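Below: a set of structures, written as structure tokens.
In the two complexes below, chain A is the common chain; its partner is chain B in one and chain C in the other.
Right after this comes the complex of A and B.
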């Protein structure tokens, strides 16, 4: 057992209102730069929809993530092997075009002030932020399909619907039954990242102490294989610096005890961040599990931070006590492992993403009834109507399974049963209009009990800031000392493993240490 | 033990034997009791045989470089010291005498032999002991070189035949006319016309035989050419059609490169012909529009 710690994340989709505050916070802090205009390290998509970049989930086109070689039971990159990398090194044919992201633009505001007197009102025309030329028609944006559910173009081309039956499609397009929910996305900081494996320059690395995946800007050689290698399309190429960039999980904020900016600014408080202890020896086993068992295999990688054996192993691999304590209070551990409520996005890409989603109950169970949109509730007869609504849900379970459990509907159904149990139990407790037998049935159906339901309710609806964001002292200094035990400012034997070769950025000489 | 290791050891042994024999010969040649000046001159003689005799004679006429008989009387000593120590620097500084000599000897510059001050002094001492007087004017051609086989010389030059002692083919470092459009290596000078520049096949043969330049020396001391090989290579270099490197060769090369580039571009253009049309969003929207009619 090799225990490591990982900053992992939960997005509770039922609480997301699609306000894009997270996106704005991230954009203003990190990608408001030349060459990064088109990047959204954090974006919020409407599902069903095609997302950003267009149809990013379609790996036949983008070749992201891993595939399992059934004969050898080994993983290989869907993108290419070593020879393919060599052959395509100067031209990677599997990249999204800028048009698949969008061409970033601003407006010619100055014209509003400077326009000469004329017959018409002056306007601020759109100007491309890349070419500087006027754009007469804007055809796409980073969130072009926002709320466009039921759209023949966008919702219909969602790759998760590729396996949907004709009936399911028709059902989702019906007036008054069209449905959508939001899917906020950042880098998943995967346990088995495709971007790291695809990089020919070895510029991308995963920090052992917190699992954050970073691009070494000095070492990046702009081959852009990471962009294809990442199945979530969460690495980007900065066309001004000629380097790849990606979400850094706001590690400067984490290291000073704050949650990442998108987490901090989240209006719906859907986001949770906390430490997980995982067993690095099990990663390969989990990544090569059969499709149906992927979710459970990933849960098995995560270890119980209260288990004395795990604690001992964690101490043996140098994890400080503060981090073990944080792992014991981690909301992520509760949702992912203790309650089995949160699921990884597209586990079939086999990168073992460490960002987990609690699937939304609303789009599955809510409906319009006499002009009121509400979840089919225990009030109208207890659990039975909810169960039947689940089976006839407007978003087919097959769709949710394609998104969150590699097509395994049992996993999704279990999660929904537990979420419904929480609903029924709390209804009975607060409104007192559900018979006790119904409550007991719901708890049994959800494989849960009153105590657990109370805890889920508490952490879902009433968590404090400190409960949502459990950020321990990151103790970077110990990580650096572990990596470079002989580090000595007098001898100036600074770390040279990362970014010491090649052209890189020019660093001006500077004084002092 | 591998064959190459054995060969290597064998060579080392042979080389060590040769050095020992030379040392013994030198010892025998030295007078048993010699005064300081005599010793210095003897050292100078040895250095002269090793490093100068490829291009210079004393009293036997000009080879690649001038006959050095009486040179110590002809030129001031400090000029000689500077010249022998660093001829390349003096040529770079455009020393008038040195430049004149360079032109007189067909623009073949004297290489820097990296002699230190003591060695220069020794060479000068040796030159001073040789008979003073004016050099013998046009003192007959040196020993006539055996006629070589230019065909075999070409094979040796380009490496399709091996040198018996295992030296690398000339083409590894040198280019010359008559070996194809791609030419040879760029480390050493282009050898087209080298026979004219060195003033005849025999002079060249002597030069190749003792190779005084540091780079040549490093290789050929260990793997010397046999006299037959030397004659063949020189014969190849002296061959009439080789003396001019054909201008078409350059055009040949340019044509080949352009053709190769065009083929490569054609192949890559064909393989990736859909690269810019193959975005995702545009075809998706276009497909939807056409589906709606």
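Right after this comes the complex of A and C.
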């Protein structure tokens, strides 16, 4: 057992209102620079939908993540082997181009002031932020299919619907039952990252102390394999500086005890961040598990921070007490492991993402009957059908399974049964219109009990800031001491270079000649 | 006199510039070491340009290098006329691929607005110098047969004389001006190395083949 600590995240999709505050917070801090205009380290997609970049989940097109070679039981990058990387270095056949994202633009506002007097109102035409030329039609944007964009065109192209039956498709398209939810996405800071593995320059790395995946800007040589290697398309290419960039989980904020900006600003309070203790010896086993066992295998990598054996192993690895304490209070541990409620996005990509999603419960199944909006079959059994209608849910289980459990419906069904139990139990408690027998049945089906349900309810609906974000002190000072044992305030032999210990660039990070 | 400046002094200046400038740039502005790929902005023309250009020019350059490193072996191999012709034809085809690729790349930079927007003056200088070099190489190999043969008796001894710090310009002084220009321009390319995107040449990441897939960086003494 080799215990390590990792910053991990939860997004509770039931609470996301699709406001994009997270996106704006991130944009304003990190990517409002030349060359990064088109990047959204944090973006919020409407599901079903094609996402950003378009159809990013379609790995036949983009070749991201890993595939399991069943004969050798070994992983290989779906992109190509190592020789393939060198052979394709002059031209990466699977790289998304700017048109798969969108061409960033601004508007010619000055024309509103400068236009000569005329018969028409002056307009502010769109101007490309790359070429500076006018753009006649804008054909894509960072969130082009937001809220389905009033059309089924985008939803129908969702790769997760490739396996949907005609019946399921029809059901999702029915006009008065049209359904969608939001999927906020950032880099998952994976345990087995495809981006790191694909980078021939070795410029991308996982930070040992918290697992944050970073690009060393001084080492990146624009071979752009990471962009293909990441199945979530969460590494981006800065076209101005010629360097790859990605979400840094706001590590400067984490190091000062604050949650990342997108977490801090989240209006729906859907986001949780906390430490996980995991067993590094089990990573390989989890990444090579058969499709049906992937979710459970990843749960098995995560260790119980209250287990004395785990604590002892953590201490042996040099993990400070403050971090062990933080891991014991981690909301992420509760959702992922203690309650089995949060699932990794597309575990079949086998990068072992460390961002977990609680699936959305969706609206209570209802129908319009003779002008009355009513819960389905409410007459025939009190509120029971509301709970048992899982199979008839507006978002087909198969769709959610494709998104969050590598196609395994039983995994997602277990999660939903527990979420239903919370809903039923709390309704019985607050509104008092559910019979006790129904509550007992729901609890049994969800494999849970009143005490656990209360705890889930509390951390879902009423958590304080400190309960959502448990960020231990990062102890950078110990890192400095470790790296430079002979630091001397008199000789002033302080490290001054990025890559040694964070003092930023000595030169402007400008485009090379 | 001009021979001395051009073929005895200038090569040293070029090499010193390349090494000194390259090391200085690597130490003081490592961020700027990049191949500055523009594939994100334009994909299709790049394929028809970049692939033939890079493969063509790399192999042709390697052939120059091999003949320089082991001239004896090289002469022995091309002593057989069939082998000589075969090698010349292959070289010709590869050079043609490089030339076509380079032209595609130039046209691409001129006609694709997005790529034009990220093209610097140095990029244009470099493209012009490279184009001149490839065209001259072509001309020389067509007009003065067989380059694979006389290269070993002219340029190679001259390069060795440079290497041994005893420059002997008589090996090259009576060569046709096109050949001389090809040699000189070669050193111009070397001189441009630290001032252009050519630095990506020394960044080719061969050690990837031996590296484990995952990279984790830890502080010493701390494994958590």
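Going forward, the second predicted complex is superposed on the first by the 449 of 513 C-alpha atoms of A that agree within 3 Å, B and C clash if a C-alpha of one lies under 4 Å from a C-alpha of the other, contacts with A are read in each partner's own complex, and residues count from 1 in each chain.
FYI, contacts are C-beta pairs under 8 Å (C-beta built on N, C-alpha and C of every residue); 3 or more make two chains touch, one makes a residue touch a chain.
Bear in mind that the values here come from a model prediction, so they are computed numbers and not experimental data.
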item: Three-chain arrangement built on chain A, chain B and chain C clash or fit; value: clash
item: Chain A residues touched - chain C or chain B, whichever exceeds; value: C
item: Chain B versus chain C as contact partner of A:464, first or second or both or neither; value: neither
item: Which of chain B and chain C A:91 touches, first, second, both or neither; value: both
item: Which superposed partner A:314 touches (first chain B, second chain C, both, neither); value: second
item: Touched partner set for A:209, first chain B, second chain C, both or neither; value: second
item: Partner chain(s) touched by A:137 [first = chain B, second = chain C, both, neither]; value: neither
item: Contacts of A:53 with chain B and chain C, given as first, second, both or neither; value: first
item: Chain C clash site on chain B (candidates 73-81, 145-153 or 181-189); value: 181-189
item: Overlapping contact positions on chain A, where the chain C interface meets the chain B interface; value: 91, 93, 96-97
item: Touching residues (chain side chain A, partner chain C) in the complex; value: 2-5, 77, 82-83, 85-86, 89-93, 95-98, 103, 128, 130-133, 192-193, 196-197, 199-202, 204-209, 217-224, 237, 239-243, 314, 317-320, 323, 478-479, 482-483, 505-507, 509-513
item: Touching residues on chain A, where the partner in the complex is chain B; value: 50, 53-55, 58, 61, 91, 93, 96-97, 99-100, 139-140, 152-153, 156-157
item: Contacting residues of chain B [partner chain A, same complex]; value: 268, 272, 275-276, 279-282, 284-285, 288, 292
item: Chain A-facing residues of chain C, complex; value: 28-43, 46-47, 50-51, 53-55, 113-114, 116-118, 120, 122, 195-197, 199-200, 203-209, 211, 213-224
